[in-house]
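Multiple structures are listed underneath, in structure tokens.
What follows is chain A paired twice: with chain B in the first complex and chain C in the second.
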Partner chain A sequence: MDGAIDQRLGVALATEDAEAEVPPLKRNRRGGFVRFAAIGALLIVFVVFAIAAPGFLTRGNLTNVVEQSTVLALLAFGMSIVIIGGGGDVIRGGIDLSLGANLGLCAAVFTVAVNAGLGDATATVLTFAAGASVGLVNAFAVVGLGILPLLATLAVMNICAGLELVLTQNTVLTANSPLLAYIAGATPLGFSLTDWTFLGTALLLLVVVHATPWGLRLQAVGGSVQAARSAGLRVPLYLALSYVSAGLLVALAAIVQAARLSGSSPGSGDILLSVVLTSLMSAVFSRRLLPSIGGTILSVLFIGCLINGFQLLNVSSYWVNGVQGVLILLVVAVRSVSRRSGEV
Partner chain B sequence: MTEEALALRDIVKSFGATRALDGASLVVRRGTIHGLIGQNGAGKSTIIKILGGLYQLDAGRILIHGEEPRSVTPRLVEELGVHIIHQEALLVPGLTVAEALFLGNELRHGPLLAPFSMRRRAEAIVRETFGVSLSGNMLISELSAAQRQIVQITRALLNKPRVLVFDEPTAALVRREANRLFDIIRGLRDEGTSIVYISHYLEEVRDLCDVVTILRNGRDVATVDPRTTPMAEIVSLMINRDIHEMFPKQVIPCGKAALTLQSLGKAGAYEDVTFTLHAGEILGLTGLVGSGAKEVLQTAFGLTRHDRGQILIGGKPARIGSPGRAIARRLGLVPEDRRHQGVALDISVRENMTLASLRGLTRFGLIDTRRERGQVMSLIERLGIKTPGPDARLRDLSGGNQQKVVLAKWLSAKSDIYILDEPTVAIDVAAKVEIYRLLGDLVAQGAAVLILSSDLMELQGICDRVLVMYRGRIVRRLVPAETTADEILAAATGALAPLDKAA
Partner chain C sequence: MSASIAAPRFRVTQLVRWVTPTALILLFVIFAVASPTFRTPGNLLHILVNNFTLPAIVALGMTLVVSAGGIDLSVGTSADIAAMVAVTLMSLGHGLALSLAVGLGGALMVGVVDAALITVLGISPFLATLGVLFVGESVQQLATNGGTPIYLVSNFPAAGLDALAHGTALGVPAPLWIVLAAVIVVQVLLGRTPFGRHVRAIGAAPQVARYSGLPVRRATWLVYLLSALLCGVSGLLLAATVKSYVPLSGNAFLLDAIGAVFVGTTISREAKPNVLGTLIGVFLFGMLHNGLLLIGWNFYWQQVAIGLLVFAVLGASFATRRLQAAD
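Presenting the complex of A and B:
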């Protein structure tokens, strides 16, 4: 008995099993399948519209898809950054529900500022300040007060919506300014400035989030707070920055939107559902089953093609909402299922 | 003074009313491997968490290389060259191996990451240190527990620490990997690194460590040289009692057949499994991973289906298709993965205990709380469960006491047949003894116990019979008094030729 107080088969043995080579590495097949299916669905939608919808494949229409999607894309980038930093858990992880309302607020700030004669430069600064402040408030509520992001940003969403109403009195405000006219009219190298904004932001964020140490650390914070902390990362800083970045992206989106609509109009907050969808959907395009910038670009284009194709096919735009809802359910279901069985 | 790499002196730490550390000291000389052992609850993890800056100490001093840090925070301790490898791998599941290894000290091209060099370096370093190849591009979530542990240890070595603390590093490793780790640890020591090594496996500690400190009840009771101190003495220092008291085996005459498995088969898992579990009997089942023993147990409890053969309960054929039916037939399961399957950590001791027996405690559809409380209190007393009270959250209990609550759940459901899956893994010696005693009481009252275990001493100490499975078949039916640990081992590894269908 002595000498073997805790003799266990697994450790006490030098068996053939234990001496065998490390077992062949098992790949996450499910992740691969999901990614394959998602890209397949994107291609199918594309091909179906290309065949069925007249004019879908023309260059004019495709740039139109990009242009229509730009505001959504910018917001979805913000959402993805917040989810990457806060973690993919839909309930406890990172999420920013205030993005839509913040968009309305920022557009209102810009419009009101221009109409007050403050000039484009000042209006732009004010807009970015507004977007960033909302991000800071979110960051303070989540990081400083430790409120669940889902609840914190829900509250901030209401604050933003209220402030927008105060600024606009719930009316459509038109604004004209050299900047708005320039954004709406200029077509450097044959593409609209809105297209370029989409492209430029997408490239910039692809690099920042997926190819810099900062991005890697942000992913680490989202993946496991404890692991990130034990690697010496300042977790609160990364979390706070993710919300502020989202706020800044919203401000940029607000100016693009103001140019498209020549001002601000109530109801911007409705975009939230699409933003949540695109960002969650981006996860199915990545091997890690987590939101990514690349995945967000693909899902934005997916949704953009859907809406555009429906329009070309004369399907009522009311259907789009329903389809989006179904897609959210699908995406969240895929993620929960693969999470449940994929992780140990 | 500088001889001491690490000196924790007279550390006191209380959590509420419990004093986890009561003046414990740990002094590690430079360039030694210092073992730290003790039962669960002795204060091992508390003292390490204090060293790591995760807990604040109430009293005592910490010196690192003769210096007293102004405050003990994770960052500061790390800067002083102390690195702790925690038991649960602290790695980000969504990162690749390369990213996880270099997180915080990424390789760069200017402001950008250098993913390809990180990947190459990561693969090279893992191969150099562990002699295994691991793709730098795999996700942490795709790795086995052992591979994660390898990444975690490699990561720690990258930081070139002066003091390295291992908390149960071999729990997830197979023999070969563990041996490799021991070589690495010895190499580090020879280069002058000081090592603190915490383990449940006393043999490991004996083979590896230069000095061993034994903790008991929050105090360091002895610091000895493990090579010259008999193992039995170390054990009795740990448990403060003689080792032969560990297995309080009572001999109970076997009663009627409680559970019979007849030629049970399941494709790819096991075949032709036949045995009868009698009332008053503790029947041991053992086998390596993949032997099918675990699947047999799960089938008996209705967690997985069998393809062939039948199950009899009390001599009558029974269909156990689901755990619900198993419970209705008065079976109780104590699963291996206690935290995930056995208990609900965030609800109270009382609720956990009565979860499976609420039907008997309700009046007009509502829970009769007075009766429930009475039953719970008597169970707490009977099982000697150490808890602040019946309404304490289960999370706040030690592992051994949580396991007793799982048993209490089936006791209150008045089960006749208890099926236990590795019931004493990661439980300290004292709690083990209490669980063995409890199982003894159960069979004395006519219950039948089927226990799956890979702890050879446990099998020999408490079972009336031991069935050994190898590659899906029962290869040996042994009686502990007539067998040795070596024979059980040999049968489980297939070193013995399988017998023909034995009795």
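Presenting the complex of A and C:
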């Protein structure tokens, strides 16, 4: 690629950006408003449940919310990292549709390994190897072959779901092991190990993605591939790492899930759409209206509170999907109306 | 972003465009050699009627949507709502024509919501239709007490319904006539009308289309309404075939439809969605399901194999394109 074309690309990019975006100062204020509204909605849901739902505000129930949300949170962190690195455009940007199926596959790998008498250490290593391999395949497809992430991860999703079925023959497999018993039973400092996993991963990723050079460069890659490349960043490396990190988070989530369910059960893939929703919703909690780890934590807790509060209020669980759907539409509508560019 | 900038530099040779048809022919030959049952005319017709028609109709709608630069994740919702409404009406004793018409109306409502969210509120198609998918799931669960199927026990409208699913005209099964009609409608709309040109222009460069004064909103509305309508037809055909409405069954169409449309783009010179490519993609998937079953692979391995095949086809075509773009 010669210099003239590079320059033209730069100009094209600059004008495109100038047209697409409102001036930074104004946008920040609008972003601030959306963020304020989103956090307000979270608080309102919280207060309503605290008043209306008996036992919502007890410490036991709140840790329960965290515990129920941990698997979703770990997957949503993975999705957010992929979106942060790949950019927000859902067709051309970063997205990982294989997360849900990978969860099922990893849980099956762990369960089958434990049942085969391989021991916790080996089973854990195998599970993380499986999660990371799926991430590597995604990375190879997106970075190496240049397939659109939406399609590449769709194909990988099919492969993972099929492999899970091959491993489990589409049945519920129970597993008992010292590790699973420990995760399910141990309560260091009064919180369950699952709570600690949520907390630990959240803090770690907050620091890694938003406060380390690696994280900032990942955000730069997601912001503009051209600019990141011009600045000398190794774009393919960052993209590949984002998919592999997501795969590793899935493996961790699989072990948490195996401990919760005492094994693996078919249908883990169903969590995918909730993951997409949670991760994309995280954007409304950030000032620049981009997915972020902090925003993901908040939107996971939001959805967790919602599901838990509905249970306490004896509202049918059939409403949960609908309310989630309406919520995301509301939230993104507010966001797009406040931007008024016609495209999100 | 990089793809849209690099687009004019693509010199897609014949090679890429032949990846999918070659895979299709190769697999056909392999199955025909491996399984004597596969190559019987009866089985080939079986593939067309049972593994092709329903996803093909949905995928044709998706072709329109993707041509306009969008995506429709609510295809299953439209199909399910149509089936739910029609089967409920029939089980209450209403006539066939009325039930089917109101069912299609139900599917259209889904399209109206999609289009309104996208054009009026300016939500991205992915998120808008994802939200509708979620709401649609809730609506069905609430309406069916968590997902209990509705069976058409009385054989009151069954005669007409049966003709729809299993009847023939001129020796050709009725569902194939419906697919043919859908193919003609979508092909003519997309290829030979101002609407089709607008759709493709919006898909290529939405900003340019808007600034050029094209009726972007109207075209977007039509695209999502047509997609919902086609999905509704598919849902009704499914209900007619199984003589029942099974909640959330339409979601099975979603990934096959998206996969088929994008596999179909590989046969186009400009890597655009096109009717023929979509049909080839759907047929490829249908043939795989049928062929793998006949050579003795169970459902689990079928899913792995289909994933691997889509991966290989997309990988081959995207990698070649990337190499050519780098030249």
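Keep in mind that, in the parts below, the second predicted complex is superposed on the first by the 302 of 344 C-alpha atoms of A that agree within 3 Å, B and C clash if a C-alpha of one lies under 4 Å from a C-alpha of the other, contacts with A are read in each partner's own complex, and residues count from 1 in each chain.
By definition in this document, a contact is a pair of C-beta atoms (placed from the backbone, for glycine too) under 8 Å apart; a residue touches a chain by one contact, two chains touch by 3 or more.
Values in this document were obtained by computation on a predicted structure and should not be read as measured data.
Engineer: Look at A:L290 in the shared chain and tell me whether it touches chain B only, chain C only, both, or neither; answer first, second, both or neither.
Structural biologist: First partner only.
Engineer: Taking the superposition on A as described, I'd like to know which of chain B and chain C A:Q226 touches: first, second, both or neither.
Structural biologist: In the superposed model, A:Q226 contacts both chain B and chain C.
Engineer: Contacts for A:S316 in the overlay, against chain B (first) and chain C (second): which applies, first, second, both or neither?
Structural biologist: Once the two structures are laid over each other on A, A:S316 reaches chain C alone.
Engineer: Applying the touch criterion given at the start, work out whether A:G190 contacts chain B, chain C, both or neither, answering first, second, both or neither.
Structural biologist: neither
Engineer: Look at A:T212 in the shared chain and tell me whether it touches chain B only, chain C only, both, or neither; answer first, second, both or neither.
Structural biologist: After superposing on A, A:T212 lies in contact with chain B but is clear of chain C.
Engineer: Figure out whether A:N170 sits in contact with chain B (first) or chain C (second), or with both, or with neither.
Structural biologist: In the superposed model, A:N170 contacts chain C only, not chain B.
Engineer: When the two structures are overlaid on chain A, which partner does A:G60 contact: first (chain B), second (chain C), both, or neither?
Structural biologist: A:G60 sits against neither chain B nor chain C.
Engineer: Kindly list the residues of chain A that each of chain B and chain C touches, one partner per complex.
Structural biologist: On chain A, the overlap between the chain B and chain C contacts is residues 9, 12-13, 19, 224, 226, 342-344.
Engineer: Quick check on the complex: what are the chain C residues that touch chain A?
Structural biologist: 1-5, 69, 71, 117, 121-124, 126-128, 130-139, 141-142, 146, 206-207, 210, 255, 258-259, 262, 299-308, 310-311, 314-315, 318-319, 321-322
Engineer: Residues of chain A touching chain B in their complex?
Structural biologist: So the residues of chain A touching chain B come out as 1-19, 22-23, 25-28, 88, 207, 211-213, 215-217, 219-220, 222-224, 226-233, 287-290, 342-344.
Engineer: In the complex, go through chain A and note every residue touching chain C.
Structural biologist: 9, 12-13, 19, 87, 89-92, 141, 144-148, 151-152, 154-163, 165-166, 169-170, 224-226, 273, 276-277, 280, 316, 318-326, 328-329, 332-333, 336-337, 339-344
Engineer: Residues of chain B touching chain A in their complex?
Structural biologist: The contact residues of chain B facing chain A are 74-75, 78, 86, 90-95, 99, 103-104, 106, 108, 111-113, 115, 132-135, 138-139, 141-142, 144-147, 170, 174-178, 200-204, 230-232, 235, 243-244, 286, 288-290, 429, 454-457, 485, 489, 492-494.
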